[in-house]
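Note that the chains are named A, B, C and D in the order they appear, and that numbering of residues resets to 1 at the start of each chain.
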């Protein structure tokens, strides 16, 4: 087959992964890692210019274009961040060069897996890709080989595998539902074909399938009560991986959920997936919001805030409607950018202070103004305060759904407020007050963090019409 | 020409209240002394006191500030203006629309505000006692007074004293429960505002009991004279307010012949004398109450006035 | 016009990055506050021009904010009036800060946020669609939060900022819900669309309640006021002035804009709610103020009182409007708006004074102050003017708006509804009570701070403040006096605003023949009520002058100095003076046990013992104890309970997944 | 498909569920492992039968994997671990076998109810198969959550996965079945290695899950 942009975003990571697995020296490899990530990003952008035709295995449409570009972009900035981060880890001897080689290779494999999951035109292929991504992250979470890291990895692994199994069962059920209509063979797994025939599938089979898919992929999204792996994995893995997990992997799983939601939406006889998603979203948001209060580990704190935001996003998509869907997409994008920016800041902070205990970090805006205020800006954004982008999405979610489901929205609002309280409770001790801990100057790369924050800020004030049109189009697709 | 006479009458009113105020004080003292079967000071004693005080030098406390020296003039001016805005013998005077009843009460309020400040200026403990008790009393007396105004204004449909007096004089007032309650409340407030027994005793310097006297304790000479004069002006003000609202008989209308004016003046003098006599009787017949009984006393007035505002719906004239 | 205004706002925003760039350089303070002063003055003049020349509402739509909607901006008389308030306060604060700001030890924590804060407040007033409005609204809270925690090393300030930010976001979310109801699911967020969509009665009522909560929490209505006395004093004084004098007014603007403009025709019972809340707020606020010993906190609580007064007048206006009594509604609304203006003047003035005292003595605790009138005579004078104004005493401006409110209350018998007939006088009593208590409160504030003898060496060593600060304070004091003696001018200026909102207006005040009506204000008719600030002032002035002249000429004018008499007790120690708390004691006895659950425990030593007698006073903030504390503890408890889920074994997590699966399958199995 | 083949497929699938029950019933690790071997064997048989019935030869690969890998290699490996750890005698049930069985029956009933709601549009074999597969999956999970021991959890997970393979093979003409089974075998290998790893590196002195959960936030 001829190599187009679509294949490019898969091949580049795959090849560079192979290359990085053998190359020594972290300086070179980290540069190469960045280069590859950037190349992938550029290729992904080119998808907007010339849209390649969806093949039998890969597809491109407005929905996953958004996801792809977001993924590749954050992957690129994260690779830039990880260059300086890993450098510091090597200097402090927390990581050995062999680890780093493995790390970079895995990084690219992860990119490959996620891009594959996003572009797969085949529910089974998508499943395989997501599981591949999960397994890679499991390995990376355990990178430090500490008790805690291994425990986190193990937890992630076991829960992840169960999720895998459930998702697969759901996939099989979808096939069973499609097979009588479409006929045997791979055709009954191809998205593009499924979508055209969905109306004639057996509704009850679809319902059961969706339950399994919701739980299976929901585990990856980190919805409560399937979330247990998420905080530990974020807290114990290398910070770039925490950024990628929060910023990307959750989105990829969410993407899968959305696809199946669309599928069910096409079949009038099946149950509406909305209520299920809304319920799980609300549970996650409220639960995570309360969990923020008794956190002692700074990375766990923001991991829980990711759960909360995933809850909000799933709620938005569950409610449906053009405005809510638009808000969901926007919120997802903004959350990816903001949360990864926050993790960039947190990574450097933890490196400088030599600890992740919130109690040991204080007065950051005095000792390290740039990092400190950067973190403050990030938290302001993630807490949904203007003029950052998340405020816009939360505004749209709440205002567009309140008239429809007042009580649910009140719960959501309570969750948002509680989460804000928890975040700022911690931020106050981290960023302000009498300085505590090391005041060593940070050798950090601020560019990725502030690039993300700048985008989030800009989006809160002005959104380019092209982007808006794309989002609105997708929102319409999502129904 | 009309303007000239208007000016003349307004000026006459101002002088009248200024000259009559000490007389009323003296009259009340005299009557009280008589009721206690004492000889008592002569009627004109207050004038003599004032003149004597005016001649004396002022002894200022070391700590006294410029404010302390300005305040007597402010207090006197405010009280005088307020007093001369109450219709005495003739309603609808030239400047009567300058301030309605609410504004008049507020002007008195500013006089009290500055007097309380004066009490705190020297930095003695007595001044503090006086000021804090004074503002406590005021914080109840003023709302009570305003509620009384509300009652009458809601009935008369105006806060303009001339209009109110005219209304109270007219036939369609009738006897109303609200007005009765308002009158009682007004008397209580007047007693409190003028630091009379049972709220305060103008004749004592027993530090635990005094309120008004404690505030002005540091004043001497001409300053004291002004404050004394302001005090008696205030007494006259309240007496003539009661007279104008609840005994508006004989007040000559805006455009009136000189004879009517004379009648008005005579009626006014009569009313003042009567009310002064009643006040003296009242003061001699009861004892001073403890400082912390006062709130209940004034609270009663406030409640009465509030009750009156509510009752005015049920109590149509009968 | 509006584009120029927006340019001004843009300029304010642009100052922030420059301030960040200049951080550390000594001229940063001068530059930032200087440019803020210029820009706010320009905006102030523009707003005045619009208000007086009042052209029809001009709008502009920028391609910002919500993409398909754009950012709508609009200046109508109402917006213009509040622009006047905002920028006058802003200009005064900038001028004051030109001097005051030099005392900052960490200016880089104040300078970048100050101009943005001003810009945000302007934007709230200019916004003409729900999104822009809320963005500016919350941005205003955010920037002021940053200013509140400028002195972040003091833990109380951090806590204050925390409570403030939470309450602010709570308010914003409530407003968000309100707009969600107004705009509906299809998102007609532009104010025009909202105006034209007439919500059902029930919806409108719910919206009004939400707005009362949302805007009220920002304005400081009891019981949503808890953040205000914490946050306002914590900020630098010129910011406190802005927060108290201006930002609360922006909150009032939000309420007026929605309740009078967007919802449409009100229902009569709404006013019951607003009136009640307003009256209670007024009295509670001033009672709290009387109990404080922190000067700036006294001022913050008195802000709550004035907000209560304003909302009471707004409630009256709603009542009259509901029954189509437009002239009466106009009167009540004028009273409210005039008080908005007046309060912004004298509250800024007072906070400036408190700031000068703070920077001169280093303390806000009144028990440490005293005798400052000798050390800082000019500050004392302007502060006295402010106290007289806020105590609602003629001939200053505070009295005028209060007087108008009373006049509006006196129109209540014309209301058809019996509930209102009976309620309004009761509210009137509450307002009268709060006015009298306010006078007491500011006698205490001024007397303890400036009069008597210095209670601490710092106070004894105080110096008069700098010229810039004095200039700002004198300007505001002058404005207070002018607004007090020429109120008719301001009432006429408010006419277009009132016309727009109430559909009626008060009679023209200025004009009429030279003597009878000139400069006197007549709400309804002259036979009914009138007040002439100029003449009252003139009479008092002339009478005072004449007396002084006469006495000094005819009688003695000699002065002798001597020790204070004090009934012959020489007070050796300054501690024998009345202190702030002892001054408040009689009033505390009257109201304390009811409002504060006050307990006074006096311990008398037995006869012969030389142990000192002690009096300990315990005041409880009942509102905090019964509203906020339970919520906080509830959150804490829930958080603790849920936190167990962090420490389960993998098996238990698996069983959670399993449980979820089984539940969902059961749901499916039992699906109809 | 004619009756006999149907019945045999049906019988094999049903017997898989039965074996799952027998697993639940075991309270010794060694016996449990034997049971699992049997489980895998039955699976292999039913897969092979499906391969024959749908004459889809690639399914034979799956069958062979199941037979060789799951029925022989893994049980042996696990047995070694168990012996090494000297825990072959014990099984820490969270609660009694009886209750576990009751729950199991409830789950089977649930899966039947859920699956039989499916209209007969799908061919009957698929329906029955799915019902059984779902039952096996649920029983496997039940086993995972009712056993404290890592090894028995692995066993539970594997029987869950057997259910998946059963479903996958039951679905006519489903592609990638082989790949999936291989992928899962890899996964399980990972888990087993994981247990080895924890043992060999002596990070955890036992494979009891609770011991792995010592590292909690509060201790940091």
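To be clear about the criterion, a contact is a pair of C-beta atoms (placed from the backbone, for glycine too) under 8 Å apart; a residue touches a chain by one contact, two chains touch by 3 or more.
Please read all numbers here as calculations on a predicted model, not as lab measurements.
Each chain gets a centre from the mean of its Cα atoms; the one farthest from the centre of chain A is B.
Centre to centre, using the average C-alpha position, chain A and chain D are separated by 31 Å. Distance from the chain A centre to the chain C centre is 44 Å, each centre being the mean of its Cα atoms. If you average the CA atoms of chain B and of chain C, the two centres end up 35 Å from each other.
Mean C-alpha position of chain B lies 99 Å from that of chain D. Shared interface positions of chain D, defined as residues touching 2 or more other chains, are 114, 117, 141, 144, 153, 212-213, 217-218. Contact of a single residue of chain A with at least two other chains is seen at positions 154, 158, 162, 208. Contact between chains, using the touch rule, shows up for A-C, A-D, B-C, C-D. The touching residues of chain D, when paired with chain A in their complex, are 114-115, 117-119, 121-123, 126, 130, 133-134, 137, 141, 144, 153, 157, 160-161, 163-164, 167-168, 171-176, 179-180, 183, 187, 190-191, 194, 198, 203, 212-215, 217-218, 220. Of all residues in chain D, only 94, 107, 110-111, 113-114, 117, 138, 141-142, 144-145, 147-148, 153, 209-210, 212-213, 216-218 touch chain C in the complex they form.
Put simply, chain C touches chain B in their complex at residues 370-371, 373-374, 377, 380, 384, 388, 391-394, 399, 403, 406-407, 409-410, 412-413, 421-422, 425-426, 428-429, 432-433, 435-437, 439-440, 443-444, 446-448, 451-453, 515-516, 520, 526-532, 535-536, 539-541, 543-544, 547-548, 551, 555-556, 558-567, 569, 571, 574, 576-578, 582-587, 589-590. The touching residues of chain A, when paired with chain C in their complex, are 154-155, 158-159, 162-163, 166, 207-208, 211-212, 214-215, 219, 225-226, 228-229, 231, 271, 276, 287, 290-294, 321, 323, 363, 365, 380, 383, 385-387, 391-392, 395-396, 398-404, 409-410, 413, 416-418, 420-422, 424-425, 428, 432-434, 460-463, 465, 468, 472. Listing the residues of chain B that touch chain C in their complex gives 3, 54-63, 65-67, 69, 73-74, 76-78, 80-81, 95, 97-100, 102-103, 106-107, 109-110, 112-113, 116-117, 119-129, 131-133, 135-136, 138-143, 146-147, 150, 153-154, 157-160, 163, 205, 207, 217-218, 221-222, 226, 291-292, 295, 302, 305-306, 309-310, 313.
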